[in-house]
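What follows is chain A paired twice: with chain B in the first complex and chain C in the second.
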Partner chain A sequence: MTQKRILLAEDEAHIAKLVEFKLGKEGYAVELASNGGVAIEKLRTEPQGFALLILDVMMPVADGWEVLRFVRTESAVKGLPVLMLTAKGHQKDMANAAELGATQFLKKPFDPTELARLVRKLVGDPK
Partner chain B sequence: MTLDWDGDPELKAIRDDFVKSLSDRSEILRVALSQLADDAPGALRDIQQVAHKLAGTAASYGFPTLTRIGEMIDDRLDEIFSSNRGMTALNEEATRAQGYVAVLEAALREGAAGRDDTGALDAPALKSLTSGA
Partner chain C sequence: MSWLRFSKRPLGVQFWIAGGIVGFFSVASLFLLLSQVRRQTEASRWLAQTHRTISRLSTLGRDFYQHRTLLRGHLESAEPRKLEQAKDRRPQWDRTFESLRESVEAYPDARPHLEAAGRAYEAWQRHAFAAPGGASERALETEARLFQEAWASIEALIDRFNRQLSVRDLDEKSAIQHTFAAIALINITLLLAFGVALINLYQSIARPIAGLSVGIRRYMSGDFRARVAVGRTPEIGYVGSSFNELAARIESMVSDLRRLDEMKSDFLSTVSHELRTPLTSIGGYVKLLLSGDAGALSSTQTEFLNIVDTNVGRLGHLINDLLDVEKIESGKIQLIREPQDLSEILRECRDSMAILAKQKGLEFRFTVPEQPVFAMGDRVRLIQVFMNLLSNAIKYTRKGYVELSLERRDFAVMIRVRDSGEGLSPEDQEQLFQKFYRSRRALESAESGTGLGLVIVKGLVEAHGGTVAVESGLGEGTVFTVSLPLEGLAEVIAANAGAEGRVIEEAGLRPRERVVWHVGGDAESGRRVRALLAAPELDEGGRRLGAESFSGASTLPRATSWEESPLLVILDGAAVNRESVAESARRAGAGTPILVLGDSEETAQVFAWGATALLKKPIKPARFSATVSDLLRMRGRRILLADPDPDVRLLLKRALEQRGYVVEDVDRGNLALARLERERYDLLILERELPDVSGVEVLRAARRLPQHALLKVLVLDDAGASSEQREFEALGVERVVATYQGIDPVVEAASRLLANGKA
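And now, the complex of A and B:
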């Protein structure tokens, strides 16, 4: 069986490295999109390629809200689980994310072990 | 945080890279401080950007104090910028920022040495941000 692939849309390199490391150790394959525009492009190119989208809110080119709107309106990726990484104004972000159809939230800064637990809850085992 | 930072060479390298970045952030603050008098809005934006990024990352790397200071400064500057109080308020904030940015800079220097300086949170310049003074 092949590894489950996770698309990580995150522009902060230090967070991206930590997530890639932790989820990689857990056995998932993590692909990085360094801004929202790249994330949308990857989802367009491989609509069935990912088991989960981990999505930061504040990113250049297209922010997390724009990416989430794309996911929930584009039929090919509509069912993709989305884990939103929220930061400032967490409650407001959570409300926005829930309205737009995010599956789960995690407040930054987060414990990477907690992130791995949520990922497993959302997509199951890595293979 | 539950990661064993020294137990895996790859993880240690990732953390070392973050710790190294703290000196760069300190340098950005130093430049911003020198520009506060001439360009308060621009310098305060630069300070806020550093604070915001620290708020979202540092605790994940085992530096909760840096995250807390980052949050306090980020929130403060959000309030200042969103209140649209004009240049007078920004220039007043520039004077005040000298104090709390100096605290953040010192905490970053501690961080660059691998230490999370919890005592920094007792600095009067930071306490005044939450007391509404």
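And now, the complex of A and C:
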């Protein structure tokens, strides 16, 4: 079986690299989208290509909420689990996100080990 | 229109003009009335006098006639006695005539006529007295002629006065009519003027003021765009336009303030995001390095990286503290108020802080009662408060002890954090709760701090309606006392009472009464239904079913909570119709079964109206008992389903509803809690992971609600086996069901639970 692919939408290159490194270390293949628009494009072209979407909230072009809304309304990718990276102070938005159908939340700043644990819980082993 | 111009004049002028008109007309009508009265007095005096004159003339005529009869007798038959009698009458005539003369003084034109009558009389008398008794035919004729002349002139006088009388009478009548017509006209004019004035008053004062008050009320309720219509009269118009101007000024001030406030909040949230992003990076990489993922580290490297990690954590705390302070100061802090067990919260704080105390060689004293103590509050925020105070106490105490204690008073709970540290000077105590203030002991100690912790503690405690006090002295240690109110909240009382092993009734809560509403029957049918409900089969633990009778559905009370709604509604007699069924269902609350006692005409249609069951008269007791106990069991079929997944919710809801259960669904923990607090359910189906409040939290809070202490619970867990299994068991969860097998096992478990209490 091939590696499970995870789509990461994150505009901060350093954080993206951190996630990529940790999850890569765990054995997942991480595909990076540098903003929400790119993420939506990638999901359009490869609707079945990813096992998980990790979404940052604050991003240029299309923010995390918009991507989430796209995922939950586009039938081809409707079932995709979504892990949202949020910051404290967005509790109100989190309630929104729950309504929109986010699967899991992780508050920033986060421990990479915790992230890896959550990812494993959501998508299972990398292969 | 000139009228409109009038209403545009200042109010004072309007009142003067209106007052002048009213005054003029009033004086005029008074004058008319008075002159009419005077005229009437005059007329009645004249009338009296004229009547008197006429009566005197009549007397004169009567005397004259008798006089003549006597004289005529003498003339015809020469009776000397009659002549004497006639002569005797003469002075009486003279007296009457003299008084007539006086009367006639007032009527100058009548005098010559009276004198003529006098003269005619004199002529007649002279002739009559001169003639001898038994006079000649001729003399008699002359006498008769003279008599006729005198008589005629007296009659003419009487006629004359009578005529005058009737003329005057007509005159007076028409004068009275004219006067009253004039007065009536004036009054009608005044009435019209008043009407017009009232309309004007309404339009120029009442209406603008009513508009003004509506505008002010709207404004006060927060609609800063509210404006009023400006009135026509200058004064009212001025008030209206002043209000509008004031409103506009305040609106612009408020919107400026709001904009500033928004800018501040935006700024803070941007800054915190901008600070947190690099911090996430730094912290993440440091943790990555520390985890060994990027290669092995030497012990020095690990030590240094740990220092970096600690400081990243501090910066993160500082940002959180700043955001909290901003929220507290702007009043935007939102508490999730629920009954909280303070002793449990304090135990949790002890468990996290005791290690720190031990590391510093401090004794950690904990004097908090074992049994729960409930107060309303936000769990996360309360923990934040006590952790903050405890960490301060541990930080600034070098040796001795730190003590956490709880004391329950009648209306408050006092939580004390005491330390044996150096204590605070009076100056320090004064400024302790100021932003960024750090006491001498804090500055001298090597411990770091932001100077925001106590500001947040104070803000959070005050947001809970409580107070924080500090007692200290140099060398005496410090005590922080947080007191939280135990308001007369039913939940808190019930929770505390339950916690102390007392039953709910004693805490003042109404126990679940077994009440049935009987609607629409007469006294006789009420007695019958009561007797039927008293059947031993319907007893539950010695508690009988009681009936409350109501004449119609519109007289039913409105049940606002599960406590007030009846177990069953029985519709009888006059209340057996569509409206009553619908109204009873509304008033008794959702899920209350409705039993119709019908005559033979009602059949399937009662079910279309919304009835749950129908019994046809005459009613057999055994049938009644069986139906009622079925219906009461049906009431135990309300399910609350809390699951974030809309598909799961839809499927489960549909499947459970097909089995006849009443299902309500929510997607979040807080919504579930709100429903549980307000309503009563028989089964809770709970997804372990909810987006806001976890399943365990929901359940913990639900157990504190008196009506849900024994609630049956099914937990859904996608993994099938949960790390929280033990906690769930402790909270009385009947079964944890794995959802990866689909919904059938869930529906099965729910049905079994509701049917016989076993999952």
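Here, the second predicted complex is superposed on the first by the 125 of 127 C-alpha atoms of A that agree within 3 Å, B and C clash if a C-alpha of one lies under 4 Å from a C-alpha of the other, contacts with A are read in each partner's own complex, and residues count from 1 in each chain.
Criterion: a contact is a pair of C-beta atoms (placed from the backbone, for glycine too) under 8 Å apart; a residue touches a chain by one contact, two chains touch by 3 or more.
Bear in mind that the values here come from a model prediction, so they are computed numbers and not experimental data.
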By the touch definition at the top of the document, which applies to A:Leu18: first (chain B), second (chain C), both, or neither? both
Which partner does A:Asp111 contact after superposing on A: first (chain B), second (chain C), both, neither? both
Quick check on the superposed pair: does A:Phe70 touch chain B, chain C, both, or neither? Answer first, second, both or neither. neither
Which partner, chain B or chain C, touches more chain A residues: C
For A:Ala102 in the superposed arrangement: first (chain B), second (chain C), both or neither? second
Overlapping contact positions on chain A, where the chain C interface meets the chain B interface: 12, 14-15, 18, 21-22, 87-88, 108-113
Flag every residue of chain B that touches chain A in the complex, lowest number first. 1-3, 10-11, 14, 17-18, 21, 52-53, 55-61, 67, 71, 74-75, 78
Residue set of chain A touching chain B in the complex reads 12, 14-15, 17-18, 21-22, 87-88, 108-113
For chain C, which residues count as touching chain A in their complex? 269, 272-273, 276-281, 283-285, 287-288, 291, 293-294, 312, 316, 320, 323, 644, 646, 667-668, 690-692
Can you list the chain A residues touching chain C in their complex? 12, 14-15, 18, 21-22, 25, 58, 87-89, 94-95, 97-99, 101-102, 105, 108-113
